[in-house]
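Next, two complexes with chain A in common: one pairs it with chain B, the other with chain C.
The block that comes next holds the complex of A and B.
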């Protein structure tokens, strides 16, 4: 290995004498062989489609008649499309609520389990909180649709029992998105929770004990030891939750279809409608490109902000 | 009664008498009321999280006429299998389960083989364009699936693969995160081992599959769980590609069942949801530790 690593990067002009020994050439060639299945699949299903999608966003195409080049028209339409603006706002609201509730909820729960739970309680909490995550969104969405049913839903019933009037969740524009946010919390909390629990294990016990010996209270230990030591985990959870939440689609398509009154219309739902129901392929590609740009921008922004608060080990 | 037997009180005594040198600290043994209250609160929270599952299973086992009574049944009334039989009459649920298994198994196995080969190339060979190829693959992790779905759909339509299972597993064979994750893992395995094997006359395939792969057991099982779970639960791609009930996977079939307003009674839909949830739940309870570890490693390793 050391011999291979010592090789200078190959320059096309004038190979230095004696450099490409027979074995290195064979290694070179074999590297491509081992990489080729992945490379071929990558070009076919990721790299190629990525370039095609960007190109398609410059066309107007309904899959039947030949595509027509329209330049940036899809994007100018996009900026003036009130439905798109609504979808954008919904998606951001959902992603923001999702990151906030998941990260804070999972952190508090992990702290409580880590510090207080007996072994049995810890097992029961881990199981009960994590299992919804492994159930497909399709099953989760249908189950909760029935749980919130105005006629016979369990939740409706108990809200009724404590003397409040339950809203007509998915028919009321004010309540449809909050309901989806709640369902998503139930489904996805376990994922963030497990990450937090693993992160808490990485906080050195000696550090906490040292702080306590110096007279730090619980709150001080939390803010000055636990949070800085866990900042890489918190950061990872925030980035991953945001990226996941920004692409929310399954429960929306299954439960509300984006309604009522576009109250739950998200960007990916809109993309699906435009592309696969209205067959406006070019316009849908432009929406998809917008989703990509926003995810990239927010991720970069989070990485940029992370330099200020994430503790490097 | 008044004289306590020293043998039975040793555990409580440890709290007051200083532990012998070298013994683990037992500071936090004593039950404090606050601690009990918080444990109870955690149990209540766990029960609330689990409640939908309990309601689901008892309702699916209840006679359809009784199924959605108010107040709700938390225990099944007169356990019936009628609802489950009704599912089979409305959708080809056996075929759908078979499809789901096939797609998930091919995707998991195939993508791991492709990833292992690529990770070996990135970790062990020097070749021109290696670092740029790696960078391009890495940045692809930021590309959302929705951006790619339209061109992939057009490609599948051109190849005549729309409404086939191939359209689901073929694109699933490239899994960039697995390549990245395994390359990191291979890099952490000393290369002296390879060189010793080469001196003994071993080829690269031998080194990879007889040495590195067995040494990467935890990483590979973590990835296998993640990929299988994602494929098993996938809804977006099947929704785009499949239309014939016989070709559908379970999540899509489930939604199709509910949409078939004409036939499916709510209790039938509940039985169908149970049929999808229960196998995953059982597998989860058996492999809980590995499930949790796979998510945790992904989180800590980033």
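The block that comes next holds the complex of A and C.
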């Protein structure tokens, strides 16, 4: 028998992978029916507005007078806008810090909780860590404004009592963004923590036991078994955290309004200011498009990089 | 006979997709520039800024109007938030093709709306009811009429009837001042008086006054009482880095640095601090009277002009009534505006607990407004003599943010006044 004869001969009736055949559509019609509400919502609330926003970015429009087509002028203005550069830098700094602190913090916390012998304590810790995440940003922002108040804030008070001079967290340009990063860490860590914990529990015990039998220490097990096995989880957490961080708005709007002196001004805050305070809808749409492009680019970059370090089972 | 082609599944799915896309575009995009379309519905739609507290007073006013003019259906729509948020909400409503008939517009949005062709000239209606309008103009301060025309008319036509106004004055708790041995001057503290009062009050563990960064509420009073403002009279050039402005900012910072004022940037509430005996004075417009009543200290408070540096002044904002170009009920809308202008309407609103000074002098100086107010409330009326309109060019909200941020850095001690105000000036320039 020749090698060629050993290969399976494609049947003329076999479906090509790219285009579903009419019969498949007939067979799968129920699937399309179930998909249609979601597809409709997507078109109504995501796809449609997205296309409109792209179109608006080519116009100058103040809501009150008819829009005027300006081509790429909004985008050329973007490139020369010093405030946008500041907002861009702040956003990246915030996103980078968020990814780093959330992923590392959540992983360490998940390892600790996973190692707890007592189920009761384990569940209590899980609840305590996740609890801030279910509180609305508005309440969290107010809570931390009180905690860090320069006059009567409890944290300010205790820092003062140990003999240090607390900064005016939200007034000092050097401290405002770190303070927001800290608050975001407290609020959102629980989400990443639960993802990490779930990922950690999928690491096969047999692999760990096998490594330990071969004489691997704790550190070696962690780096050579746990981390590779958890790499898809780590990758997911990094992508999701970055996207969320890049869109941060609520706490900044409530606590600092982008100040002091633009120190906490993020891209989405700037977009909001331009569109909803300055009536520059076209320019705000251009900023929105920029946010989309950056998130898309960084996410693609993360996917590209993932091929080198994410372990596929 | 021809039969209609039977729709295929693919066609139906495609149609659904296109329909949804079209609906999405229609829902999200609205009809850009639809400000010229007619307002819908049968009622005269009056849009006003009103939070839960103000809304109650307005509703009483609307009910009273309804009794007098049952032939006119009035739909009053409250939008809450700041004036900037209100302006944006109204602009969005107009862009969505649903312009109201009357917009109660504050100083901050008057130039913007008049310059965009959204409003109808009122000249013909004014000429038709000249006697009533003259009666109103005769009873309001000339400045209100002049400013409305100067800042709210791009072409010489009249677009706004000025309404109530709000300057900033000082609300002082006299028992705390007495205990500290501070005498309250009739015409308000001079800045040197203020420092001495602060020193004495601090010795008693009481803050003198608050120093914050609100544009109209906190920044402009210091500037206008030192003979300057954030922009020039035509709102064409920034003056925020003038020597007078720098001096004012440095003085405000000194009050904080010496501990006479609470640290800015916190979450304290000035009237509550005063209620607790920790604060001797706060400043506000007519809304302060509501706060004085809220903390049940109306009898213990005396109102005086804002502290001055030899020059008396105050920022002032006022609301104004207009009719939109798209209104199909301009005549009925005008009847409601005339009711708002009348002694009866203004008195009713003032008595119900309005938070602005009535435009009519006769009402502002009557029991309708002054009954139950702290002693010295007439200083709100007198302030109009020397007041400066809140500078509100078309990109006012951005300018306001920049000024507030810069000022906050100064009063918190993170920036030196001269350098920071120069930066603020540089940022404002391109927006004018």
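Simple rule for what comes next: the second predicted complex is superposed on the first by the 269 of 313 C-alpha atoms of A that agree within 3 Å, B and C clash if a C-alpha of one lies under 4 Å from a C-alpha of the other, contacts with A are read in each partner's own complex, and residues count from 1 in each chain.
Here is the rule we use: a contact is a pair of C-beta atoms (placed from the backbone, for glycine too) under 8 Å apart; a residue touches a chain by one contact, two chains touch by 3 or more.
Only a predicted model underlies this, so the values are computations on that prediction, with no experimental measurement involved.
In the superposition on chain A, contact of A:48 is made with both chain B and chain C.
Of the two partner chains placed around the shared chain by superposition, chain B is the only one that A:134 touches, whereas chain C remains out of contact.
Once the two complexes are laid over each other on the shared chain, residue contacts for A:260 go to chain C alone; chain B is not touched.
In the superposition on chain A, A:291 makes contact with chain B only, not with chain C. Looking at the shared chain after the overlay, A:233 reaches chain B, while chain C stays out of its contact range. Counting the residues of chain A touched by each of chain B and chain C gives the higher count for B. Residue contacts after overlaying the shared chain place A:39 against chain B and chain C alike. By the touch criterion defined above, A:198 reaches chain B but does not reach chain C.
When the two complexes are overlaid on their common chain A, residue A:216 makes contact with neither chain B nor chain C.
When the two structures are aligned on the shared chain, A:93 is found in touch with neither chain B nor chain C. On chain A, the patch touched by chain B and the patch touched by chain C overlap at residues 29, 32, 39, 44-45, 47-49, 52, 56, 63, 142, 146, 151-152, 276. Taken in their complex, chain B has these residues touching chain A: 35, 38-39, 41-43, 45-47, 49-53, 55-56, 68-72, 113-115, 117-118, 120-122, 124-128, 130, 133, 136-137, 140, 142-152, 154-155, 170-171, 173-174, 176, 179, 191, 194-195, 204, 229, 232-236, 239-240, 250-252, 254-255, 258, 266, 269-270, 273, 276-277, 280-281, 284-285, 288, 291-292, 295-300, 302. Residues of chain A that touch chain C in their complex: 25-26, 29, 32, 36, 39-40, 43-45, 47-49, 51-52, 55-56, 59, 61-67, 142, 145-146, 149-153, 168, 170-173, 257-262, 273, 276-279.
Chain A contributes residues 1, 4-5, 7, 10, 24, 27-32, 34-35, 37-39, 41-42, 44-50, 52-53, 56, 63, 109, 112-113, 116-118, 121, 124-132, 134-139, 141-144, 146-147, 151-152, 154, 157, 186, 189, 191, 194-195, 197-199, 202, 232-233, 236-237, 243, 246-247, 249-250, 253-254, 268, 271, 275-276, 281, 284-285, 288-289, 291-292, 295-296, 299 to its touches with chain B in the complex. Interface of chain C with chain A (complex): residues 9-10, 13, 16-17, 20-21, 23-25, 27-29, 32-33, 35, 84-85, 88, 91-92, 94-95, 112-113, 116-118, 262-268, 395, 397-398, 401, 404-406, 408-409, 412, 414-415.
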